[in-house]
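Letters A, B, C and D mark the chains as written, and numbering starts fresh at 1 in each.
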Amino acid sequence: MALSYKNPEFLIERDYDKCINCRVCERQCANEAHYYDEDLDKMMAIDKNCVNCHRCVTLCPTDALRIRKYPLEFKENYNWTGEMINNIYKQAETGGVLLTGMGNPTKKKIYWDHLLLNASQVTNPSIDPLREPMELKTFLGRKPERLEFDQEGNITNLPPQIELETPIMFSAMSFGSISLNACKSLARAASEMGIMYNTGEGGLHQELYQYGANTIVQVASGRFGVHQEYLDAGAAIEIKIGQGAKPGIGGHLPGEKVGEEVSRTRMIPKGTDALSPAPHHDIYSIEDLRQLIYALKEATDYEKPVSVKISAVHNVAAIASGIATAGADIIAIDGYRGGTGAAPTMIRDNVGIPIELALAAVDSRLREEGLRNQVSLVIGGSIRNSADIVKAIALGADAVYIGSAALIALGCHMCQKCYTGKCNWGIATQRPDLVKRLNPEIGTERLKNLIRGWSHEIKEMLGGMGINAIESLRGNRLMLRGIDLNEKELEILGIKHAGE
Amino acid sequence: MRRIPEEKIMSGCAISGILDRKGRRFSGEEIIKSIALMHDRSNGLGGGFAAYGIYPEYKEQYAIHMFYDDLQAKEEVEDFLERHFMISLAEEIPTRKVKAITNSPLIWRYFVLPDQHKLEQANLSEDDYVARCVFKINDQYRGAFVVSSGKNMGVFKGVGYPEDIGEFYQLEQYEAYLWTAHGRFPTNTPGWWGGAHPFTLLDWSIVHNGEISSYGANKRYIEMFGYKCTMMTDTEVITYLFDLLLRKHKLPLELVVKAVAAPLWSEIDRMGEKEKKIASGIRAVYGSTLLNGPFSIILGHKNGFVALNDRIKLRPLVCAEDGERLYVASEESAIREICPEPEKVWAPRGGEPVIGLLEGSSEEWL
Amino acid sequence: MKKVYAREEYCLGCKLCEVYCVTSHSESKDVVKAHKMEEITPRVIVESTGEVSFALQCRHCDDAPCTKACITGALQKDPETGIVGYNQEKCVGCWTCIMTCPYGAIKRDEYGRSIISKCDLCIETGEPVCVVNCPNNALVFIDLAEKQGEGVEEQDKLVKEQGGCRD
Amino acid sequence: MNYVIIGNSAAGIGAVEGIRKYDQQGKITIIADEPYHTYSRPLISYYLAGKVNQEQMKFRPDDFYEKNRVETILGKRAVKIDQSSKTVSLEDGQQIGFDKLLLATGGKPFIPPIKGSEMENILTFIKMDDVRAIAERLETAGVKDCQGREDYPEKERTVVTGHDQLRPVKAVILGAGLIGLKAAEALVKLGVKVTVVELADRVLSTILDHEAAALVQSHLEDKGISFELEDTIEEFIGEKAVRKVRLKSGFVINCDLAIVAVGVRPKVNLVEGTGIEINRGILVNKKMETNIEDIYAAGDVAEGYDMLKGTAGVIPIWPNAYNQGLTAGENMTGADKTYEEGFARNSIGFFGLPMITAGIINPEGDEYEILVDKAVEDNTYRKVVLRDDKIVGFIYLNKVDRAGILTGLIKEQQDIGDIKEKILADDFGYLTFSEEWRRAKLWK
């Protein structure tokens, strides 16, 4: 190939008055954007290598670095934006599929931001969570329509439940897509906070078995690392049908990420690409799904709830209803802003629907069919803060999955280059020198702090509404009002407009 | 004017209740006196009474109390009643002119039994059949409202201060072994007759002081079981929840209380293993029935009453015992007004039910 | 006594410990001035192969062979604190300590002066700055005395108990 | 308990510190013929060159004796030991009784029988008084403010050479060992023209091999020192004072003073005839005990155990002296300590060229394996000697950093077979070893 038309995305600016040539930027950049020039006795930069992950900026002891958007403008064009043009340059050079990581960054309506919460004034008191009990405990799993009791008064018909101290779980992120240290951080934080993390489809590393009580083990189309011991290890099993970032397509973990440990955990040869097929080849219909659900229940003596995770697509409500009747105990729905380690950009940015609308539609449908109380509803796909969680629960979710937010807590700076395997923060990488940058002790604490902080905020918001238990918020759409939403949107969301 | 609001009605209130545990009946004078003392807890936009044991001569029949906006509504509903029930007696409920009470609807009562043929066709229990008919009238018949529908009981309510309502309905003429009363202080809508308390379904009657912040969650839950919340009041949803849990799900009252005024997790953690399992199971399955927010309620039933506070006691509730009499009210003074020296007075803790039972009736109410 | 331990599994090899060590031992206490205007040798040694790295400081040995070998008396172990102290005024740069230290933890001055550079556990500031500023908590400042000789797991546990991870 | 220590240098001070580890009460007496507060003999060349002052010469602070409750009898020579009465007699007839006695008398320079060696300006160079004597001679010869008695900052020191005199001040040093060359360095710094005469074929033959010695020699020559190797002085020529020397080869070299530095012998005259066993030095076991109960010996006077040679030997180096003294002191209190880490090792430097060597550096025999890394252009030379995959000696010239790791490996006789090809790598260090080994070393 001749001249590349690609230009740098970012510009590295260095304040030489401050730079002390300590070279930490150079040592910390897996993309080799910094180097020391002996002749000049100066640190220099290669702008085009920069992905703007902020690692160097964060570690620079003198704050000598700034990263800017590369100041190169195309002629103004609303239609042919620089991004579109650059994408074409890339593809014209490589003939490949545009790849990306993390969630959909495009400018589409974020419904969370059009929902407003209620608070008590006069007619009922708001509750101060610092002084009064405020309960977030949440149970996930199939609930009978009514409880039955034996002669001694013991409950006889309650299926297995997952108990969460707060309605937040770490969503599926496989060992392979993320590092073992990231997995350890998630697992430990989940275990110490009384919540769940999810293995994703990467199997369960031996060192993580100890956190089984707080683990949801996933069974995905690739069946990586799925065996009896694995199923037994978790507190629940999740069948992954789809992922919000890439509905309808499978996964691809490149061979270079399949090192010794990943290979052993996934039970695939070292260095080979781990390809998850787009569909489960034993699930071509809802009946097939039912078979797999019951096969898994059978395999685990009906002791663990089985979750089915789907991406939010157009007819999600009908699909969810089918999944509920197929025997799933939990339905997990992943919205189109959900993150990923790698996805084709076109898929990520154009397939699927917003989780807020999907959630509202599914909750309403399940209620119409009288199924809602039987199955738990977990949603994910870009929960960004505690208010999003409160809104999700008010719309009808039992709990939420957080993925991107958890990774951000661990240090992710949203450079969206996960697929390169060179994550400078030790998260989406298997390179040992990068992996160790994420100290799981610190990671655990950071995640715990996030969960703690969010839980506290949820309590504050609940208290403001005059509610002291999360179950009184669930599906309580009267606590929501819309803003800047049209009639149809309000109708789907099942809420009134602000002021009504 | 009848207007069912489209959004939820909020209100503050006074409540009072008297039970004679031996089942001896007494006139409505005492309860009127008691509720009247708490005049300032209402604002004249609603008052009402539930009385149990007032129709001994018709005690096997459902006593349907009705409000009608106009004769047309009355005709339509009576047509419906005739098609679905055998009506033993239809009469206007006697009232007297009271200056403060205006704009009263047409107020009628019917003593009925389900039409056997229709009942068989519907394949429902008598109670379910009656309940379904009540929903249907309230939902589909404009200008008509079922005030109460239990046996040997009735609800008398309207817009006005409760003491005026009592006078209006001539309650001194009725004798009941259980009386509950309500004075209302709605904050947002002009009172309408149907919106006054007590709210009822079959034998259940509820008087309620408070604001159920969990209303949206409770409503959407209960609606999955075929209930229709048309009134947009907390009272309505509370009534249905009790109906569902006690009558339909046949949960013991003690467990129903553990659902609607669930013990805190911190309390559950201190329970014994078995009790803990039950309490957590209840919370897991019946979380959506938890009544959250400040409330005190008196749930009336032919076998007695349950008085209950929210679990962190954000609204007042006082009880007293004197001989066979059990009193419950928003304020102690409302009890002492009619029973100056009760043997025992206490304020139940949040979430701790006060159960008053007629002698001889079992704890499992149904 | 409390000593600095390196957890190589978390060491980034970033050498910020050196940067902060230099700053802390400078006159100016300013990171830029310390590096641009003063000549200070870091008291910490970072060994790195790229994949594996760790920072090494004077171990403040109980028997401190350097103090026994020092020909000038510049190196002395403080019986109270256990710190192997260094008196630069006395040092002549004979490097006998370098010959003696089994950890190779004593450095010659990088600017050619006949003095050495060794860790003083930042006695002046209280907690070693390398520990405080390690971006990945790879350095911990703990008392391992009782766990000496016990397994890695026991030590790890201790690290956690004694503040291996700061909030 | 009554402890008596004869000697006030490394071994003697080590003994005081050893005793006080276990015995705070016992009486300690130090007897020494030098009248000075304990000082560091290795520093005399720095002292001569004006790099350190008298204060800095002190090996321990002024309050050392007081803090350790040591009685000192300084400036008096011990002349006799009576083991039966357990007394030490001083030159003034005073008798000092002891329960435990440490002989830490050190070494004395060996002066070979050369014609004319009794002349007044033929000096040795091991102790403070030697510096003063040399300084006096230099002053006489015209070197101003050069040193010994007063302290002068280096920059103010004036060296009067050709301007005031017809010829520069000249010195001849016999012996190109550690002492001879340190003296030479100091003298050169004072502006003296120095010639070193050495019988061996290279400088520093006890601590360097030929290649390293050649580098060092050339470095020293660059700094102005002349060498006459494989030669020796046959005669000092002069009247009262030597004015020239005649070498075996026939060369004659003019000089204003001569320093004899051909070696140091254990100073054993005090014990001769007492029944305390002597070979080259006073024989001691690993606990520093002599053959006579309650009498110990340590330091340059003692002949202890050389762990590398596996035999007894005198190892006249400072760390060895201190450690032996410390061990002796501990054992004198009744503790049970041994010192088994004795082997030769030296850290020394000349005109900014440092070197650290240890153990066996010129091995003879098939059992040795030799690894070398060398860069002549920057005077770097590193050599490691292995026996059975264990390090028994090394030479680090110029690049001396982290040499102690090797010293440690010698002490421990660690098998390094699996990493020996990395031992001379630039990044040699703890990462060269297994994680397990490293952790065991560092996590304690």
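Definition applied: contacts are C-beta pairs under 8 Å (C-beta built on N, C-alpha and C of every residue); 3 or more make two chains touch, one makes a residue touch a chain.
Since the structure is predicted, the reported quantities are computational estimates derived from the model, not experimental observations.
Participant: Which of the two pairs, A-C or C-D, is linked by more C-beta contacts?
Facilitator: C-D
Participant: How many angstrom lie between the CA centroids of subunit A and subunit C, rounded to a whole number?
Facilitator: 41
Participant: Measure off the straight-line distance from the CA centroid of subunit B to the CA centroid of subunit C, and report it in whole Å.
Facilitator: 77
Participant: Would you kindly tell me how far, in whole Å, the mean C-alpha position of subunit D lies from that of subunit B?
Facilitator: Here the centre of subunit D sits 106 Å away from the centre of subunit B.
Participant: Please report how many Å separate the Cα centroid of subunit C from that of subunit D, as a whole number.
Facilitator: Taking the mean C-alpha position of each chain, the two centres sit 30 Å apart.
Participant: If I count partner chains per residue in subunit A, which residues reach a count of at least 2?
Facilitator: none
Participant: By the touch rule stated above, which residues of subunit B touch at least two different other chains?
Facilitator: Residues of subunit B touching two or more partner chains: there are none.
Participant: Would you please name all pairs of chains that touch?
Facilitator: According to the stated criterion, the contacting chain pairs are A-B, A-C, C-D.
Participant: Using the touch definition from the top, list the residues of subunit A that touch subunit B in their complex.
Facilitator: 120, 122-125, 127, 132-133, 135, 137, 139, 141, 143-144, 146-147, 152-155, 158, 161, 163, 367, 370, 372-373, 394, 465-469, 471-479, 496, 500
Participant: Touching subunit D in the complex: which residues of subunit C?
Facilitator: Its residues touching subunit D are 5-6, 8, 45, 47-49, 52-54, 56, 59, 65, 68-69, 71-73, 89-90, 92-104, 106-108, 112, 114, 144, 148-149, 152, 155.
Participant: Write out the stretch or stretches of subunit A touching subunit C in their complex.
Facilitator: It comes out as residues 17-18, 20-24, 27-28, 59, 61-62, 432-433, 436-437, 439, 441-442, 444-445, 449.
Participant: Which positions of subunit C touch subunit A when the two form their complex?
Facilitator: 9-16, 18-20, 23, 31-32, 35-36, 50-51, 135-138, 160, 164-165, 167
Participant: If we count contacts the way the header does, which residues on subunit D are in touch with subunit C in the complex?
Facilitator: Those residues of subunit D that touch subunit C are 14, 40, 42-43, 46, 51-52, 56, 58-61, 318-319, 322-323, 326, 345-349, 352, 354, 356, 358, 400-405, 407-408, 411, 427, 429-431, 435, 438-439, 441-444.
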